[in-house]
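Same chain, two partners: chain A is paired with chain B first, then with chain C.
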Partner chain A sequence: MLDKVDVLIIGSGASGAAAAWSLADTKMRILCLEQGDWMQQSDYPSNGRDWEARQFGDYATRPNIRARPTDYPINDDASPIKVVNFNGVGGSTIMYTGHYPRMHPSDFKVRSLDGVAADWPVDYATLEPFFAENDRMMGVSGLAGDPAYPPKTAPMPPLPLGKSGARFGRAMNDLGWHWWPSDTTLATTEYDGRAPCINLGHCTPACTQGAKASTDITYWPHAIRAGVELRTRCRVREITTGADGMASGVIYYDADGKEQFQPAEIVILACNGIGTPRLLLNSASARFPNGLANSSGLVGKNLMFHPYAQIYGYVDEPVDSNRAPPLCLWSQEFYETDPNRDFVRGYTFQFGRGVGLVTEAVSSAAAGRLPWGADHHAAFRQLANRRIGLSAICEDLPEDHNRVTLDPVLKDSHGIPAPKVEYTIGANTQRMMAHSIARAHEILAAAGARNIAVESPILNGGWHLLGTARMGRDPAASVVNEWGRCHDVKNLFIIDGSIWVTSGGVNPTSTIQALALYIADAIKQRLATLFD
Partner chain B sequence: MQTQFLTLDEARDLRCLAGMMIPPSAELGMPGADDPAITADMQASIGRDLEDVRTALAELVALAGGPFADLPPARQDILAARWRAVERPALATLRRVILQCYYRDDRVVRALGREARPPFPKGNVLEQGDWSLLDPVRARPKMWRDVAGG
Partner chain C sequence: MIRLSLVATVLASLLSVAAARAEDATARGEYLARAGDCVACHSVPGGKAFAGGLKMATPVGTIATTNITPDPETGIGRYTLDDFDRALRRGVARDGHHLYPAMPYPSYAVMADDDVRALYDYFMHAVPPVRQANLPSDIPSHLSPRWPLAVWNALFAPSPGFTPNPGHDARWNRGAYLVEGLGHCGACHTPRGWAWQEKSFGAGDPAFLAGANLDDWSASNLRRNVATGLGTWSEADIIAFLKTGHNTHASAYGSMSEVIANSTSYLTDDDLAAIAAYLVSLPATQAETPWRYDPATATALQSGHADAPGARLYAGSCQACHRETGAAAPPYVPPLAGNPTVLDADPASLINVVLNGTAPLVAKGRPDAYRMPQFRAQLTNRQVAEIVTFMRASWGNQAPAVTADEVAAIRKRTEPSTDRIVPLRMR
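After this line comes the complex of A and B, so read on.
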């Protein structure tokens, strides 16, 4: 048996890294187990001429396609949106794009304001200092003064508008609609050892120059210097419990495939909205027959993805295409509920800059825009470097039939049952998506785009994994309490996107990390009475 | 036994399809996708796509009743159109294998006005753009909803 640790964190992604760093100042013995590897920037796609091709292979965003030894399979056949993630030090922040809006104050009060779903047991004001601390640690670039948000500042200036951003800005002004340069986690100045972005343009699979804030280069170096241990290639199979009903530690497979038992005083789950319910369900025992921390029956339920509608078109002169980060602007014109619409809640538009030559050719050929034969060249010249587009990030409401369970057949390389995802897009969200597509057509027309194409929902767009172990004060209606502790197991905490009550209409990672820091702080404040 | 590469017949058929998909254009200075350097790249980099490409080529051979590349061009056109009529994963992979090698070829990339290099380490320059465009948005009243208790 290995030496007992004070705090065991499972998962080194966005939330696990933030909590590890925050807890380090307690000087407790903290260990993080991560099933993946440390990543090497020299291996990232934009080092080579095959940089675009690798997004279809070893740097695919879908684990089922990427199929690295460190990935686990996910049965998402019963979902129109496929799960994307990354398993390694930094978790899915290795692959994320770094669009970094916060939730809005209203997002925490959807029942009181709009009569749907449930209010959160925390609010924006409570999280505000943790948003700010996280912005500083991740290194956020952005511009103060956005009328869509309560006042906030970013430590670095925003990304340039570029040709695409200016074109969209003019179009939005013509329509009289809100837009603002996006908050991003791409460095625009020297920052905590990171150089300013040099526009490699291929942020999503992984940033070769390290301008994008993945947690392997932000939180982790600080946490490790402060004494946290991070063990890689350690895949946790189950959380064990003692006779007292408390978590006693975990069983994991080490890098050699050997089974290990790691005892711990406190266990913190940070495996994301799919990995966390999977692990809780795989930790069923005689005492917890329906899975650990699942007396409410809500573990795995209420999965929310944020269905994305993507709309793009082609303009008559070259734009930035992939010679810049895809991130650019956002619009929250349609974010807050408007009683004149046929849906409640709302969405953010995330504006992009375009794609590379290979991506353009592959997607246009699939869509029938790029003919075979003599006309191919002329057609491609109308497409290459001329695409502009935007996506609507639509709020998904919690519905308990959208869920993660254990697949009865599928297993990972260690024989651990794999997750199964069943998901349909709710009626409110469908109406919202239709609204966003209509507005996006107007925006693209105002921006001078033709040949408009729509992908709705984005098939490989299951990047926001939320809601599968929700937070709340009532143990019958939630899995964790208002500071992340499981109602059923008093030394077990959950800090990833699983604990979200509702999804808001923004990319979630800023809020996931603010919540992780808030929960870590709650643990620190209560150390003497933590298990009461 | 599965080899790591396409057989000679498979490679000939793939090359023939590539040339039909993207023929050369002397006027634009573009090679065809059946150019030897581009097809050599397809062979060398096929990796995990091999199985799908083989499946798609086998479907074509079944339609052709033998090696596709040996047929007269008019017959090839008819069969290739029939073979392409129904979208399926193996066909999409084969098409991608051709396109991803073609659109990273130095001559092609340069002819399209891009530098023939990976993004790193040189990167690109992104112009700032006109920030005064934001003035009307700055002038807007606040848009977020106030909530009781924060």
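After this line comes the complex of A and C, so read on.
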């Protein structure tokens, strides 16, 4: 048996890293288990000329395609949106776009405001200092003064808009609709040992420059210097419980495939909205027959993805469209509920630049825009470097039929049952997506784009994995309490996107990390009475 | 009892002062060993530092560098300070044989006595001894007698000592001391003559640091030539380059990467400033047309009309990082527009970098982000020639065209599977 630790964190991604760093203050013995490896920045696709090709291989966003030894399979056949993630130190922050909006204050009160779903047990004001602390740690670039938000500042200036961003800005001005330079975690100046973005545009499959914040280069160096231990290639099979009903530790497979038992005083789950319910369901026992911490029956239920509607077109001049980070501005004109529309809540538009040349060729050939024959090159010249586009991140409401269960057959390389996802887009969200596509057509027209194409929902768009172990004050209607502790197991905490009550209409990483810091702070405030 | 402990305390403090002094001396010696980049030649990749064993080709045959750790049997453990000095500044080993001038003793000759002593202290007391026998050289027997080296020395090696130039300030003279001496920059950057001697060892001669081809790399002109040299570089640019391997004009490649990793990134700001002050004082070897940016190439590439030979290949293989403008993203990705390596009359380095890529630039142990990938598998000789010719004639660059034969020759000589020994390990 290994030495007992005070705090065991499962997962080193967005939330696990933030909590590890925050809890290091306590001088407790903290251990993080990560199923993936440390990443080598020099291996990233952006360091080679085949960076686009590798997005179909070892840097595919979908784990089922990427299929690294460190990935686990996910049965998402019963979902129109496929799950994407990354497993390694830094988790999915290795392969996100770094788009970093916060949730709105209204997102925490949707039952009171709109009569749907449930209110959160925390609010924006409570999280505000943790948002700010997280912005400082991750290194956020942005422009103060966005009227869509309460006042906030970013430690670095915003990304340049570029030709496509400026074009969208002018179009939105003509339409009279809100837009603002995005908050991103892409460094625009030297920051905490990171070099600034040089606009190569290869952001999503990991950033060689280190301009894009991933927790392996932001939180982890600080946490490890403060004494936290991070063990890689350790895949947790189950959380064990003692006779007292408390978590006693975890059983995991180490780098050599050997089974280990790691005892711990406190266990913290940070495995995302699919990994966390999978692990709780795999930890069923005689005392917890429906899975650990699942007396409410809500573990795995209410999965929310944010269906994406993507709309793009082509303009009549080169716009450096595959240059620079993919996202540089947003609009929240249609974010808040408007009773004149046929849906509640709303969405964020994120304005994209174009795609790489190979991606342009492949997608245009598939869409019939790029014919073979004598005119092939001339046709390609009218497409390459001329694409502009935008997507709507549509709020998904929590619905019982959208869920994560254990697949009866599929297992990972260690024989651990794999998750199965069942998901359909709800009616409210479908109306919202239709609205966003209509508005996007107007925006693209105002921006001078033609040859408009729509992809809705984006197939490989299951980035945001939320809601499958929701937080709340009522143990019958939630899995964790208002500060992340499981109602059923008083030394078990959940800090990832699973605990979200609703999804908002924004990329979730900023809010996930602010929540993780808030929960870590709640643990620190209550150390003497943590299990009461 | 009190007295005794007092004595002990005083003694201890005296001892620690002495130890600190010894530590200062070896620290200074270590710094000088860095400045001289001894480790670059006296080690093999993956081997013990300073244990030698690196094979080097010379015009007369292959020699191997020697073990300079203080091991008494196989290293220099039995060297006295005088023995060490004779080897370092005059090229004569302890047993009296002459060293081959691949050892840059003609440059080290300018070193000051107390620097030689500090270097000696470092090697004898701070470098761990390694028992590793020296490899034999394979110089053919009719060329192996060492006595002609004495003649060579008489003809070409400067006499020891450094004479400050009163026409310049102390900073310039410090720079001269480092560049001409320990830094032995001329070993690569000064052209060599008929007997493989460096044509010059000092600032007074226009051949000094005028650029030279060594085994398929063209070591740049470091003088004020405005196109092919450092004529447009400020002192701050030179300092940044030596510190990190990058600046807004260019990035290091080839064996300069190792110089930065092992040597110049560890130099103090004062010493780097001295080197820069010295280099910017070296006049151009010839009048050159200064480089001026011409936007025509970028306009053509941006509008998708890449009809010049090589333009399309450039768009497909190079443009993602070096951009239509050829301006790239310095200091992280070097520009091609106005880069002295691209403008160099000798295209060897440019061809070599396209074929074989670059190694990571490591500054004080920290690697940089981007590598130039190798293209030898993807591009034919003709394609490389077209791309390189395109770069040399675009964005205001004006350098002669390159032929497929030139590429073929370098491709053959840099074949990674060859066991051919490369002079000064410049591959």
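Following the convention adopted for this analysis, the second predicted complex is superposed on the first by the 532 of 532 C-alpha atoms of A that agree within 3 Å, B and C clash if a C-alpha of one lies under 4 Å from a C-alpha of the other, contacts with A are read in each partner's own complex, and residues count from 1 in each chain.
Basically, a residue touches a chain if its C-beta (ideal position, glycine included) is under 8 Å from a C-beta of that chain, and two chains touch if they have at least 3 such contacts.
The shown structure was predicted, so the numbers you read here are calculated from the model rather than taken from an experiment.
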item	value
Partners on chain A (chain B, chain C) - clash or fit	clash
First (chain B), second (chain C), both or neither touched by A:47	both
Chain B versus chain C as contact partner of A:195, first or second or both or neither	second
Partner chain in contact with A:361 - chain B first, chain C second, else both or neither	first
Contacts of A:242 with chain B and chain C, given as first, second, both or neither	neither
Which of chain B and chain C A:209 touches, first, second, both or neither	both
If touched residues of chain A are counted for chain B and for chain C, the larger one	B
Which of chain B and chain C A:385 touches, first, second, both or neither	both
Superposed model, chain B segment overlapping chain C, candidates 43-51, 79-87 or 115-123	115-123
Overlap of the chain B and chain C footprints on chain A, listed as residue numbers	46-49, 51, 198-200, 208-209, 318, 357, 381, 384-385
Touching residues on chain A, where the partner in the complex is chain C	41-42, 46-49, 51, 195, 198-200, 208-210, 318, 356-357, 381, 384-385
Residues of chain B touching chain A in the complex	20-23, 25, 28, 30, 45, 47-49, 80, 84, 87, 92, 95-96, 99-100, 102-104, 108-109, 112-114, 117-131, 133-134, 136-138, 140-150
List of chain C residues in touch with chain A within their complex	302-304, 316-317, 320-321, 329, 332-333, 360, 367, 369-371, 373
Residue ranges of chain A in contact with chain B within the complex	44, 46-53, 56-57, 104-106, 108-109, 112-113, 123-126, 128, 143, 145, 147-150, 159-163, 165-166, 169-170, 172-173, 178-181, 198-202, 208-209, 318, 320, 323-324, 332, 335-336, 357-358, 360-362, 365-366, 372-374, 376-377, 380-381, 384-385
